[in-house]
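Next, two complexes with chain A in common: one pairs it with chain B, the other with chain C.
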Partner chain A sequence: MKNIKRVSPVQLKSSPLKTEQKDNWDIVMEYAGEGDGPYLVDLSHKLRLDLQNGEINAITPFGIAIPDSPGKCVLQDGLLINRMNKTQASIYNLAGQDNVDMPDATGYTDVTESALCVAIIGQQVFAICEKLTSLDFMSPDYVAPFLFQGPFSHVPCQIVTLNKTGDDSGIILTCSRGYGRDMIHAILDAGDEFNLKPAGENRFRNWITRP
Partner chain B sequence: MALTITCPICGKRNGYEFRFGGEEKGPRPEEEGLTPEAWCDYVHLNKCVAGVQEEWWCHKDGCGSWFKIHRDTTTNLEKEIKTVIEEAGK
Partner chain C sequence: MMNRLNHLPTLKIDTARKISFTYKGKIYYGVTGDTIASALFANGVRIFGRSLKYHRPRGLYSLDGECSNTCMQVNGIPNVRCENTLLEDGMVVAEQNVKGSAENDMMSFMDKLDWMMPAGFYYDVMHKPAKLWPVAMKQIRKAAGLGKISPDFKMPGKYDEIFLNTDVCIIGGGPAGMMAALSSAEKGLRVILMESRPWLGGFFEYRSAEYKDGQTLHDRANDLAAQVRARENIRLFTHTACVGTYNNNLVTGFQIGKKSDVFDQRYVEIRAKSVVVAAGCIERPLLFDNNERPGVMQIACALRMAKTYGQLPGTKAVFSIGHDLGLEAAIELHDLGLIIDCVADIREDGQDPALMQKLMDRNIPILKGWVAAKAHGRKVVKKVTLSSIDGLMTRTLACDLVVASAGVTPVTGHITVALGTLKYDGHTGCFLPDRMPEKMYAAGRVLGLNDAMAIEASGTLAGLKAAADCGAGSSEEIGKVAKIVASLPGPARGSKLVTAPVKGRKSFICFDEDATIKNIKQALAKGFDVPELIKRFTATGLGPGQGGIPGHNLPLYVAKYQTLPDVSIRPTNVRPPLVPTLISTYAGTNHTMFKITAMDQMQRKDGGIFRNIGVWQRARYFSDDFSCKKEIENVRNNVGMLDGSTLGKFRIHGPDALKALQRVYVSDMSKVKEGRIKYSAMCNDDGCVMDDGVVVKLGENDYYFTTSTGRAGQTAEWIRYHTRYDGWDFALVNLTDSMGVINLSGPNARKVLEKVVDIDVSNDAFGFSAYREFKIADTIPVRAMRLGFVGELSYELHVPASYMQSVWIMLKEAGKPFNIQNFGVEAQNVLRMEKCHIILGQESEQRTNLLDVGLGFLWDRTKSEAKTVGAVALRQAENDPARLKLVGFKMENNGRAPKDGALIVDTKVRGYVCTARDSFALNEAVGMALVEADLSRIGTRLEIFEDECGDDRIYGTVVKMPFYDPEGKRMKM
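Right after this comes the complex of A and B.
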């Protein structure tokens, strides 16, 4: 019997140096010529859930309280929970713990396969974003982590800013899977002048787990 | 300055992120005794106010929510509900 093959909507042209297989995904841990940052990392294989419930404030997915107002996020134990509106939240398993699975309750939808997910991390992240969207990441009104739902390169996206201080800056961006090729092309093209390079998951893991 | 619209979920954003949903026309007419003419008028006739009117908008590039705002059609600027009430009371 053949195993299913799960294919990321993100195809990067750099040469992989180190790869791993997990849950039928081929994951690149390191690319050749990653440079000194900023980095573009494909996270499309990370478990992502959508939670919708009329009583969402009473729910604590994986023991974590959902933020009380739209746009707010919480990052705890590698799990990111973003409040989208009165009844909806998205959940990303960023640190990739193996024991995290979809809860056995109503209201959850696994959206991992339907959307692309990338991280842009390192210095000059917001200079790159500024070329692709009019969203104001640097507004003092928003304290990281926070969620924007808006256009990025004219595509409706969820963008979570995890850090907006200097070299530690980083965002997570998700949008519909079908935009994958063009979205990556647009980001790499905008980041070219800042030496944005594709990077493997090791870079992201080091960044998200830094003290 | 182009139109900006305040989404109740996402806050103030560029008007290009939104889709216009028409004038606010009040509740849907009762089905009982509704004539085709009355239904047609409800669906198709607009007031086209030259001034402040209440409108439906959808944040299509953002959170996807439908909501109402007040917009001055002569200046193409959104009006805060507080201002609209104050001006109506003058």
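Right after this comes the complex of A and C.
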């Protein structure tokens, strides 16, 4: 139905230049004035699954092995799998095929609607982060990709660092959908001095598919 | 404006770039790099303000803001420390705590009344007659405090915050701190260096004495600073004062922004693996009469005024010092043009012979074993009386500057706040670090060192030890550097003199609180014999200087006065913030972090008036009429929509999901049937009711349940906690934000819903307490429940959050013919109250159990194998006559509703009103109250006491519940 729309919890004030429609989402592929980075990209429409199972090590969602210890992540075929704890993992379809089928097993729950999801990309990502969280992204103890579950602007979040090298630095951040307005405001405010701008999904695709 | 010395390599000012500012309504000029204080001084200002109690004139003293002497109002902000605050173009500066002006203060007569205000006078006087106390209290409160601010003053500026992680954090950017930073950084570690001044260099930075091989200390400081700046792994924070050190090496501070920064001040929070404290020393104030008169200043203050700001601090000076730094300063200042009449040195011997020779070469008289006894001059220093230490001989000299200092004392607040301890050291006369906190190391002058090489080597050693804590470096290397430190000169002998031979009536030990030596004696005479008690009785050290001025003099004086055999007593505790700063800085950016529902914007457009409710912002009203009459009547007679998305929503699944539900819910959850909803409650171990909601079965071992809004955050942990030893296999997923909820309520609700959905929503097909799943327009999955919280025909539609707006619009369109309206949380509150449906937290508090609120019917006593949380306590409470009971009441004589929380009383408190409102459906005020059992009988008269009602009570009568539609026909229609 033409009047049925899905609304992202992330509302960015920039003007969209290119949009695509998928599964009732209006997805902005490019914004006017995206600048030279860092970039903030809304990925809230990307499928995200919660997987809980006592035998989680034996499960291979979409054929991918789940990392063996909490905090570790794997990015394969556009699918990001984050080991959260002994029995739980989160799965993000960041750049995989559209409309992937939910796996059959009962341990999976579609949590796409539960959280906002954004990518923050660019050299200054961690300078922005340190204005909002005491999580230590730059610790040499953590090798990307890795997962933090902790406060970001005082809100519990899952934050996956995909890269922490120069311009390729970037994180994926998810938190409760309800915090969308205030979380985005906090991030953009913290990023203002670094010229953080909203960017479309093209920018994200280029980044995530970089060799 | 004074001509500046502009040839010195140590200057931090640019005399070519002038800055204008306003002081007392007139335009003045300073130069770039000036502080407000140095700019005022250059313009001839000597009296910056008046003291708290006696309104004594006050001027420059430490140049580091160690006391409130130079606190002024700047751009409307009171208590700005002008010694540390850089001058900015257009600043408006005003004196504070004056009636008239700082120069001519009408309150200065207070100085003569000190005899009326002995230590703790407010504890002794004004209590009798008792009537006097309120009057006196008012006057004292009026006089207390420095500076004034309006409650609605809006703080200008931008305040930021930053949270950092590092391996080694170094407090202090002097030579020891820089060496520590370099040695840690050499190991490849991440290092943060904090320095409170805008530049590095510390004790070396303003001095021209020789470091080594002809290099000056100043040049050495520059060298080290360049090395530090060149290291990529050292993050440098200048103009950043450390304000606190805590467990696990959490270090906090605040940074003053430069013009190029996006903030004016920012709060800095650092988590370090190891910490080095290299905060240096301050000077221990010399105690003599009028020791805070403008014109009396510390050695470094006088020297830095010349070397940093290019101004001679006076024209004719007398020095009264107890440290070689005083001799060095006298020489340097003499060479810059200051006339020095005499140097009185507390020490009989032990001076550096080379410095003594230089003084003699310049014909500067030196009096060994002499000390300043009194500064003269009504407003500023005109002359000074020197005395031999034994007080037998005196000499009075004309001067406009008295450079006075008893010696140095380490800055140890960073250590003691982190629970390190200090010990008096008889050699230095200082309190030195004794037991250091874990993974914290002291370096440099904090250790009592004075020799430049030793200071640097101690920094290197501390840096290596800190690095070792982070797993870098070797004990061999540490041992080598420790040997070097041991081979260098250790702590220098220090001056032991505490006070000049004076009675101390005007010898100020604490400038901020106008506390004198005489006050300390008075406190001792009253039996307050330890510094911590004296501090509180005399207020010594309680001012904005955070104990900097009296910190170490107080215990030394107390020990001396009591002729203790050794100085076993310790300085009083200091607490964060070690350096005063603005509350705005602590607040930081202070982002508002609330949750909003998917309907937030649309409801605001519809006139919703929002309130913060827990972590959420919710539409509480939809008009200025906070009785919500229209909203309520619309639901009772027509149809309304409420956004109930904040409700907690969970999926629990897995083979043992039912067992987990049985554990936490009081009902028998095995009776949850497909297609039906089950209402139940959760209790804690005391049987107190914690939460309620409905449970539906989604499939085999798969349930969906709701909780109250307030409990949603804790529910998953609650269930996991109560099943932690069972090893059950189940999974919990919080779907609170995932699903929006629309409550479609009112007699016309069915007519609206049937226009939007394809299923049969008749009462037969979708009756009360039924649960259905369907899709709207073959697209939007909906979980629908027939509930009756507001007492009318109602559908609770659970919709994926992203689709909420679409469904809301559809229902609104469908409801147009019925004039469907929004209703908010307050209308819902009244509607459910009329129906006597409880809200936990409103009709309960933490001691209220399931039985008290009349929900005992939910409790299934037969499922003992489930070990239901709270069941044991409920059994015990079942026959307890002392418990409160929830009752309904209506007001007598059609009176108004009492306030929520009003007390039910007779001769004592017998209960309280939970919720009460004027009911439009019933045309009278009704409510629910928790009362003692004997008041719960129908017909009992309740006496209600409201805040500040005095003897005017209002009355209600206990009636049957529910008030509205007692048979429940309307919600089952």
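One rule holds for everything that comes next: the second predicted complex is superposed on the first by the 205 of 211 C-alpha atoms of A that agree within 3 Å, B and C clash if a C-alpha of one lies under 4 Å from a C-alpha of the other, contacts with A are read in each partner's own complex, and residues count from 1 in each chain.
Heads up, the rule we're going with is that contacts are C-beta pairs under 8 Å (C-beta built on N, C-alpha and C of every residue); 3 or more make two chains touch, one makes a residue touch a chain.
This structure is a prediction, so every number in the text was calculated from the model and none was measured.
*Asks:* Does the superposition put A:R177 against chain B (first), chain C (second), both, or neither?
*Replies:* The answer is second: A:R177 touches chain C but not chain B.
*Asks:* Using the touch definition from the top, say if A:P70 reaches chain B (first), chain C (second), both or neither.
*Replies:* Once the two structures are laid over each other on A, A:P70 reaches chain B alone.
*Asks:* Residues of chain A touched by chain B versus by chain C: which partner has the larger set?
*Replies:* Greater contact footprint in residues on chain A: C.
*Asks:* Where does A:G150 make contact in the superposed view: on chain B (first), on chain C (second), on both, or on neither?
*Replies:* So A:G150 only meets chain B here.
*Asks:* Which partner does A:D189 reach: the first (chain B), the second (chain C), both, or neither?
*Replies:* Second partner only, chain C.
*Asks:* With both complexes overlaid on chain A, does A:N24 touch chain B (first), chain C (second), both or neither?
*Replies:* second
*Asks:* Report for A:P103: first if it touches chain B alone, second if chain C alone, otherwise both or neither.
*Replies:* Once the two structures are laid over each other on A, A:P103 reaches no partner at all.
*Asks:* Report for A:S134: first if it touches chain B alone, second if chain C alone, otherwise both or neither.
*Replies:* Once the two structures are laid over each other on A, A:S134 reaches both partners.
*Asks:* Is A:G78 in contact with chain B, with chain C, with both, or with neither (first, second, both, neither)?
*Replies:* In the superposition, A:G78 contacts neither chain B nor chain C.
*Asks:* On the A-aligned overlay, A:P16 touches which partner chain: chain B = first, chain C = second, or both, or neither?
*Replies:* neither
*Asks:* Could you pull out which residues of chain A sit against chain B in one structure and against chain C in the other?
*Replies:* Common to the two interfaces on chain A: residues 134, 154.
*Asks:* If you look only at chain C, which of its residues touch chain A in the complex?
*Replies:* Checking each residue of chain C against chain A gives 160-165, 190, 262, 269, 271, 589, 591-598, 600, 615-616, 651, 653-654, 701-702, 729, 731-739, 777, 779-780, 800-806, 809-810.
*Asks:* Can you name the residues of chain B that touch chain A in the complex?
*Replies:* 9-11, 13-14, 17, 59-65
*Asks:* Along chain A, where are the residues that touch chain C in the complex?
*Replies:* Chain A residues touching chain C: 1, 3-9, 24-25, 45, 50, 52-54, 87-88, 106-107, 109, 111, 113-115, 130-134, 136, 138-139, 153-155, 176-183, 185-186, 189-190, 192-193.
*Asks:* Show which residues of chain A lie in contact with chain B when the two form their complex.
*Replies:* Going by the criterion above, the answer is residues 70-71, 84-85, 134, 148-151, 154, 156.
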